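Sharing a structure with you now.
Labels A, B, C and D are assigned to the chains in the order they are written; within every chain, residues are numbered from 1.
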Amino acid sequence: MSQRTVSTKLRVRYSETDQMGTFYNSRALEWFECGRTELLRTAGVSYREMESRGVMLPIIESHVEYLGRAQYDDELLITGAVSMTGKARVRFEIEIVQAETSKPVARGWTVHAVVSPDGKAIRPPQWFLETLS
Amino acid sequence: MSQRTVSTKLRVRYSETDQMGTFYNSRALEWFECGRTELLRTAGVSYREMESRGVMLPIIESHVEYLGRAQYDDELLITGAVSMTGKARVRFEIEIVQAETSKPVARGWTVHAVVSPDGKAIRPPQWFLETLS
Amino acid sequence: MSQRTVSTKLRVRYSETDQMGTFYNSRALEWFECGRTELLRTAGVSYREMESRGVMLPIIESHVEYLGRAQYDDELLITGAVSMTGKARVRFEIEIVQAETSKPVARGWTVHAVVSPDGKAIRPPQWFLETLS
Amino acid sequence: MSQRTVSTKLRVRYSETDQMGTFYNSRALEWFECGRTELLRTAGVSYREMESRGVMLPIIESHVEYLGRAQYDDELLITGAVSMTGKARVRFEIEIVQAETSKPVARGWTVHAVVSPDGKAIRPPQWFLETLS
């Protein structure tokens, strides 16, 4: 299946560090979300717009490999790809590297269900499948 | 106006520290919320129950004084008091100290509006005023 | 290898919810950390004490399955187990359920390296292996 | 006293919303930090560089007024100013508005001590005073 890819940048916030001096591990999932948000925006329908059209993508699985340190004020480059997996699952692959040196920071993936606002699994609408392909 | 007071304990999480080795400043507001939650539960109507009865308390002002360090795994004691201020404002006073030594960590207050689920200011219902008094 | 298990409770904070009305996905990793902290404390050497003895456990991999909703003020039960994996890796298995109903909320695992304060991989000291076994 | 001002933009993350559908209150303090970081960078010495030169600015007081909603994916404009207050206190004033409509979201200030890495209050060095003026 073809994949859309996109990249976005952010800086590590002081609030995202911990006493080891690198980012706290759960921040990786928050940065993955920044990657997903920019991916969908670039694909043509922002996630916000998707929710307003009645398509929600609650997460059902996440996986992160921690590959290197990232300190306060480091600029990070987030690259991602999205694809359908199975009939009604969306999978995002995300990679985070230091923007300046390309040193790896974290990589992983998340899998999401496709549901209506009341939480019922739905068949992904045609506009949704077209956005992702 | 009479005040209800209550105290609760929590431990500093690793995720709440930053690279200075103490808690990141915004955590104080999250701990203030823990204090508010336990205060209202002890007063007889949990905040969750309040929201389900149609009374929401969005924050409109916060103030924090940072008085001392708190490190990962330190046990903190949160003490709070709640009172009406004006006709439709609720004010929480919160104090956080080290549970073992009583050394001060932070203190401050938050002021909240009283609104309906659609965000309109409302006259606090009688049961609400009774809970707080 | 034998495993230590332990359970601890916490309540979902308002700050941990998101606009879907359940907990935001990265909180699961923060709750996993609460499980690890209590596991090691129960095993006899708190993680804080470990760090002060020069043994740090930076995370190198995390995996979460999201199994059910958890709303503000829900009480959660966190159960965990820890074991060595390979010569110098520590693995924590964590399960989170609703405390009242035992409905599953999330489960997963994290793998950690064993390093000195300057980040070098070290052979786990004898007291450390004994704590875990 | 003269003030430096600067503005920066960010988008509200899904992780920063709560079940009321707007940003959780403690995020304002995290966004204030983004404002401080960009202010100091623009002034010529990034906060990271300051810390590496031995000048740390731990927060001692914060104040936030919550003025309006900000939802997931809203673009916010953060404007700030910094000045010395007293002999060894630094004060940041921050204002956050919706980038598109200029509707106010939050405003407030933080006051910081000037200390050495071991936490002792220090006389702000000349380069530091020049950066701020």
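FYI, a contact is a pair of C-beta atoms (placed from the backbone, for glycine too) under 8 Å apart; a residue touches a chain by one contact, two chains touch by 3 or more.
Only a predicted model underlies this, so the values are computations on that prediction, with no experimental measurement involved.
Novice: If you take the chains that touch subunit A and keep only those that also touch subunit D, what is left?
Specialist: Touching subunit A and subunit D alike, sorted by label: B, C.
Novice: Which chain's C-alpha centroid is most distant from that of subunit D?
Specialist: Farthest by centroid: C.
Novice: Count the C-beta pairs in contact for B-C and for C-D, then report the pair with the higher count.
Specialist: B-C
Novice: If you average the CA atoms of subunit B and of subunit D, how many Å lie between those two points?
Specialist: Averaging C-alpha atoms per chain gives centres 23 Å apart.
Novice: When the centre of a chain is set as the mean of its C-alpha atoms, what distance in Å lies between subunit B and subunit C?
Specialist: The separation of the two C-alpha centroids amounts to 27 Å.
Novice: Indicate the whole-number Å distance between the mean C-alpha point of subunit C and the mean C-alpha point of subunit D.
Specialist: Here subunit C and subunit D have centroids separated by 33 Å.
Novice: Considering subunit B alone, which of its residues make contact with at least two other chains?
Specialist: Residues 14-15, 26, 30, 33, 71-72 of subunit B each touch two or more of the other chains.
Novice: Touch graph across the chains, line, ring, star, complete or other?
Specialist: complete
Novice: In their shared complex, at which residues does subunit A touch subunit B?
Specialist: Residues 14-15, 17-19, 21, 24, 26, 71-72 of subunit A touch subunit B in their complex.
Novice: Using the touch rule from the top, collect the residues of subunit C that touch subunit A in their complex.
Specialist: 20, 22, 25-27, 29-30, 33, 56, 58-66, 110
Novice: Of all residues in subunit B, which touch subunit C in the complex?
Specialist: The touching residues are 11, 13-15, 30, 33-34, 37, 46-48, 71-73.
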